[in-house]
Amino acid sequence: MIDDIIIKGKKYEGCNASFEKAQIVLFGAGFDGTSSYRPGSRFAPMAIRSETFFAQEDYSPYFDRDLTQHPVHDLGDVEIVFGNSSKTLDHIEKVSRFIVEHEKKPVCIGGEHLVTLPAIKPLIDRYPDLHIVQLDAHLDLMDELFGDKYSHGSVMKRIQDLLSEPFRIFQVGIRSGSKEEFAYARNNTRLFKFHVNEFLKNLADLKEKPIYLTIDLDVFDPSLIRGTGTPEAGGIFFQDYIEVLKRLEKFNIVGADVVELAPHIDPTQVSTIVTSKILRELLLIL
Amino acid sequence: MIDDIIIKGKKYEGCNASFEKAQIVLFGAGFDGTSSYRPGSRFAPMAIRSETFFAQEDYSPYFDRDLTQHPVHDLGDVEIVFGNSSKTLDHIEKVSRFIVEHEKKPVCIGGEHLVTLPAIKPLIDRYPDLHIVQLDAHLDLMDELFGDKYSHGSVMKRIQDLLSEPFRIFQVGIRSGSKEEFAYARNNTRLFKFHVNEFLKNLADLKEKPIYLTIDLDVFDPSLIRGTGTPEAGGIFFQDYIEVLKRLEKFNIVGADVVELAPHIDPTQVSTIVTSKILRELLLIL
Amino acid sequence: MIDDIIIKGKKYEGCNASFEKAQIVLFGAGFDGTSSYRPGSRFAPMAIRSETFFAQEDYSPYFDRDLTQHPVHDLGDVEIVFGNSSKTLDHIEKVSRFIVEHEKKPVCIGGEHLVTLPAIKPLIDRYPDLHIVQLDAHLDLMDELFGDKYSHGSVMKRIQDLLSEPFRIFQVGIRSGSKEEFAYARNNTRLFKFHVNEFLKNLADLKEKPIYLTIDLDVFDPSLIRGTGTPEAGGIFFQDYIEVLKRLEKFNIVGADVVELAPHIDPTQVSTIVTSKILRELLLIL
Amino acid sequence: MIDDIIIKGKKYEGCNASFEKAQIVLFGAGFDGTSSYRPGSRFAPMAIRSETFFAQEDYSPYFDRDLTQHPVHDLGDVEIVFGNSSKTLDHIEKVSRFIVEHEKKPVCIGGEHLVTLPAIKPLIDRYPDLHIVQLDAHLDLMDELFGDKYSHGSVMKRIQDLLSEPFRIFQVGIRSGSKEEFAYARNNTRLFKFHVNEFLKNLADLKEKPIYLTIDLDVFDPSLIRGTGTPEAGGIFFQDYIEVLKRLEKFNIVGADVVELAPHIDPTQVSTIVTSKILRELLLIL
Amino acid sequence: MIDDIIIKGKKYEGCNASFEKAQIVLFGAGFDGTSSYRPGSRFAPMAIRSETFFAQEDYSPYFDRDLTQHPVHDLGDVEIVFGNSSKTLDHIEKVSRFIVEHEKKPVCIGGEHLVTLPAIKPLIDRYPDLHIVQLDAHLDLMDELFGDKYSHGSVMKRIQDLLSEPFRIFQVGIRSGSKEEFAYARNNTRLFKFHVNEFLKNLADLKEKPIYLTIDLDVFDPSLIRGTGTPEAGGIFFQDYIEVLKRLEKFNIVGADVVELAPHIDPTQVSTIVTSKILRELLLIL
Amino acid sequence: MIDDIIIKGKKYEGCNASFEKAQIVLFGAGFDGTSSYRPGSRFAPMAIRSETFFAQEDYSPYFDRDLTQHPVHDLGDVEIVFGNSSKTLDHIEKVSRFIVEHEKKPVCIGGEHLVTLPAIKPLIDRYPDLHIVQLDAHLDLMDELFGDKYSHGSVMKRIQDLLSEPFRIFQVGIRSGSKEEFAYARNNTRLFKFHVNEFLKNLADLKEKPIYLTIDLDVFDPSLIRGTGTPEAGGIFFQDYIEVLKRLEKFNIVGADVVELAPHIDPTQVSTIVTSKILRELLLIL
């Protein structure tokens, strides 16, 4: 009785499906332990959900769909073990695996980009030919950052290590990295620098493949998303993103994430408001 | 004598015509009583005028015209009766009617979008075939918001109620609304989603018609205008706006408004500075 | 199994007791529907809990107690029915009544000050001689605000209406109100203007009485708490607050609340961080 | 008719007296032309008036008086001639003289501290034994700043030059200046460093004298007033200010000003809100 | 020994060449003495260098070059004589001349736009047929601003005065100025309004000429660069800038500057981060 | 010649002594590598020096001394090896040792509190009976934080490990820590909670002892210093700090530091401005 009017945790507005009926399961992973420059993505899952409650429509005119009629369940947040990265990453992996084992698609709200590693692992196990589409300003292909193998700057390298062959990762919108990272990319990934246009012309190899879509918010121009850890000039805008989703809509996306929102950096809250909508559109095409 | 050096209220810089000689009359209506999410547009008229004084040229290279040589009078602000919406709306209507009765074009600085209702009423009375161009991110076609018929979310619905026939409102740049609002729009308004391009190709029906132009600042991308109540990703930029003005310049615009600037939200003041210029260009094409 | 590592809603850190074992039950009521000037207290419960997770010790050197060993349960948030004040207030009352009926002390995190009304009602019913200590900059004794009887500006008047006799409300730290409100206070409440000193010398009448403690954060100087709806110069500081708690510790406080934090207004997050600690000390003396 | 509901310029709320009936005349002088570090006080008169409209009571519990029943007229703002300091200062002087000649007390809202010079001149002419109480963090006794004799850093030196004898300026709360300025102060002014306490014990010489009170907001601790050009640690708080006013209330204050608020610097608006109240209390004791 | 681990001043990261081996010499000139509206560019050289240290790659994927392998030396900052503009400008000129005399290209980080005047003088002396490319929102062709011949608003007029013939200055991206300035431009400069497109089609006359490139950051859209003194709606984006650099890369640029960043205005630091990258790309094409 | 007008790195204004003649040597150590919550103290040395240049007097009325006549040399900044804490700490220790070996007093500007460890080591070696006065909100006596022995939360524990006996560290103004830390303090340090008063009554044991003074800026109330990593309600104000310095002035302070300023967190810059002055007064009593 009292339970009806008590909310244990605010859900992403419109994600009304029960876990059982859901085909898509959203969860938060507010880990930012390796972000030494401008952390704060720990606050993202909470901030995003809250914005959807106060200021977002459930209906998208881009896809003429309504989130309330879409089979999405919001599971809550993965428990962060503060100061213990490996345990935290382990938790994220367990939650993602749980979702995958129940034949549902996991969608993770970061946290920093490193959360993609545990979130994607169960899908790599499940889909031996998993392909990855990474919207990002940065290659994230360092072998290590500050002596650490597990970092937001090395996450795609770690993921490539898990894949059985190269050229499965499509890196889109990239405009920053070291010379070494770009050299590595040439031999190991599909690189589409600066824009989404070239990528949109090269979707053939993704057909019929299981795809994981990881969206680092710094792929967007810092004009739009100022509240992120390492903003880079020259990014994409929301309309470009919608173009990508419109094309990927017919593909077999089996999991996704949206990472690197640092809400407190942007005092206008616009970064959070826009990210909420980025996530809404993403959920609607899955 | 002393009056020469005392300013009772700062005017929009360059609006030098007397009321008598003016063909365009600017006035402020800083009402934001129905904005429950991020109010603050009450401060807009004052903030805009102040910016023009310190940092804006009177001359526009877009239209090669100078505001000081343009017949605009700045009347001042409508008195807001704090906590009494209906009386405030009544005041706005009276001021607009006064301007219209003197054969001049009213241009209103909001305030929230609801101020368009009283500002437009005298023009609907005057021009039975008035057409409306609404630049906006939101449809504003709810029948009521939180049980209230008079709200920033229902203002275009209320205006449509006043019109004698459908399809007189051209809704441009729209990218948010409920499923129901979009359904209503299909049967009642001319809808041009997302961009201004389609609108610019469909101006024929506006020819020779009296037009009211209402600009909700959230039609702009939140990259540019962060200081507004309900920002929506995917908006237009200043250049698109100039395109619209260049085309509408030859049409018969009989009144206009610029609404929903919330100056305090943007600590860089850029939202206010840009809005001042949006208004300058608008005044110059009337 | 997966439930162990999923958090449905972040709790106030250190509130580890089960509902059954708890003597104190914390809940959020993020309602700010009547705040027309600087709303935002809707975000407070979430922001406070989040800060406690990342940056707050469980142990208080002021009272030499540790929250983890204190019988507090964090129940979650009352469901806000957006745009429907009366239903929302009804929800808050139900939750508070549920706690009281289980012989526990409710502690509510607002939301605006109006939430005190439904939170306190079940305690007025239960304790016919309930006394109220209100730390506040404002009297909140208007009969109505903008024609509304139920408002953050009239909440203490509404509460007085529920009490069987005058002079049960101790208003402490007051430094703003209309002439009429001060006149009403003279005949109906115990008024201690500006400071806490006079109040601390007049505690005798509170002995053995059941007390409800309501803390409007604007009682604090705006130097400290900038993130609140209606800041008033000349307030108390944290040390004064600790003095009050040290004296009230031995009294019979049966319920409490902390209201009017608007986290987004303060870009340094200090207002939220300080409020988290204000709440920690409060919980530890109950 | 239409004039009744049009506001040419927002007045300081509650200043309802006509010019004729007023004994106190408020005017704005938003000049900040010599502030090279953190200008912005040009926006102060407007920002203060606006705050009073939305968020300030007319009644002061400190003095048990109501502004609406006090003989204050708000004249508006002195016209600033942008980029022409001497003409602007001349305008300010004319307005102040106009008020003084009508047997009324001028109260000026700055602008930077240099505006005190033209505001005070007519009073020096009128009252040969005028004394000055300066609440300020800085001595402002440089002979020139950056080669300029007329500057916010030299204003009190310029005023002393106008006085017929030394020790007429009481400098209170001072905590910054060059060695040379402090040496000059020793021989020419009454200096009360750091606090107001010593000043309050030395009021005897002000008895029966005409007094001008100039309040540079940086006399306040930057904890409270962050939005000012040159904040200095170690200032006074609002309660100290009230103490000063309570003592000065019985003295013959013939003019006053409040200067150096730079509203845009403080994104929480608290500096403006507090200044509005500083001004209200000042008006009520005149 | 200790000198190895002491940094006298942080250098722009990656500028590793010694002065002797360098072909390009970077220096800061943090002068903002004529900026009366929103100063703060004095902080720019320091803020930019600092950002490069913490958050910028040395490698540019746009030009496939690495700054560490590029012959750039960072000389440090020109001494600003606070409050003495002419001496400061003289210092800047001396430093620029020193660099030019050593057969190196000076690259200056402003400071306000007036610093271009002393920075360019030694190059005008050296290259009688020097041409200038000015990326800017403003013409900066006033004869004087507030009675001052040497101002950020008149700098290009002063430079034109030094040139032996008209039409040597290419003004690109311009969208603000007085009617008189535009008239002057028609007869004296090559004007490319609003966009870079027209300019890119008219590069022929720059072939084989020595070119000075001055970048006023307000040429960028305020969406991207909010932290500048006089932002103007309708500017270029980073991609347009890269287009310009790609075309100018083959031309003979003999000196350059980047001016008008005011870091403190943008609380997200994005303006500074983006400017650091604007400068990196510029250095890499010289 | 050119060197006279080039500044390799801005010095703290007024620190004019050569290294040889100096008795006090200031250096920056902008390391914040273990701050996971709100880093940013890396920017402090630069921000503080910059503020002193633009806005600070050399003369202190508190101590009637002028920094320009005081034997202070500003050495510059210790090179931070980004991502390598131990090498960075080693650098700081080397610089401090270099200063101590030259019979001068080191004064370090942090960076986070961990920099105190390498800064103090050479002084512990040199003065076997070194005593430490720590102004701080936090005990910093954890044995490790997140598995790390070397952290801002464990720095005083590490220092105690280096001392030959307990009760040499005077911890002043403390108001946060775990139960275990407070237990450790009871047996190992001299603890003066909340205020400076008790400490000022217990200075006898410091007489004739060499003293190191470490000032964590969070000892100040967050009203004043909002820009620090872990602000704690209930701190001291500037006047209390001056009291401490006035008493310690006659003692033998052999080294000092000021740590934990995070300039970017406070958009008003007040935290930096105040810290510059905290440092000026400190330098003047050494």
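Each chain gets a letter, A, B, C, D, E and F, in the order it is written, and its residues are counted from 1.
As a convention for this text, a residue touches a chain if its C-beta (ideal position, glycine included) is under 8 Å from a C-beta of that chain, and two chains touch if they have at least 3 such contacts.
All values reported here derive from a predicted model rather than from experimental measurement.
A.B. asks: What's the minimum number of touch steps needed to get from chain B to chain F?
C.D. replies: 2
A.B. asks: Shared touching chains for chain A and chain F?
C.D. replies: C, E
A.B. asks: Using the stated contact rule, I'd like to know whether D-F or B-C comes out ahead in C-beta pair count.
C.D. replies: More C-beta contacts join the chains of D-F.
A.B. asks: Compare the two sides of the chain A and chain C interface and say whether they are made mostly of the same residue numbers, over half shared, or of different ones.
C.D. replies: Mostly same residues: over half of the interface numbers shared.
A.B. asks: How many angstrom lie between the CA centroids of chain B and chain E, rounded to a whole number?
C.D. replies: About 38 Å separates the centre of chain B from that of chain E.
A.B. asks: Go ahead and note the Å separation of the Cα centroids belonging to chain A and chain D.
C.D. replies: A distance of 55 Å separates the two centres.
A.B. asks: Multi-chain contacts in chain F: which residues touch at least two other chains?
C.D. replies: Only 37, 54, 82, 221, 223-224, 267, 269 qualify.
A.B. asks: What pairs of chains are touching here?
C.D. replies: Pairs satisfying the touch definition: A-B, A-C, A-E, A-F, B-C, B-D, B-E, C-D, C-F, D-E, D-F, E-F.
A.B. asks: Which stretch or stretches of chain C touch chain D in the complex?
C.D. replies: Residue positions touching the partner: 37-38, 174-179, 182, 193-194, 221-224, 226-227, 230-234, 265-267.
A.B. asks: Inside the complex, what are the residues of chain A that reach chain F?
C.D. replies: 33, 36-37, 39, 82-84, 145-147, 267
A.B. asks: Flag every residue of chain F that touches chain E in the complex, lowest number first.
C.D. replies: 2, 4-10, 27, 42-43, 46, 50, 53-54, 75-79, 82, 91, 94-95, 98, 264, 267, 269
A.B. asks: Note which residues of chain B are touching chain E in the complex, please.
C.D. replies: Residues of chain B touching chain E: 54-55, 57-59, 61-62, 66, 221, 223-224, 237-239, 242, 267-270, 273-274, 277-278.
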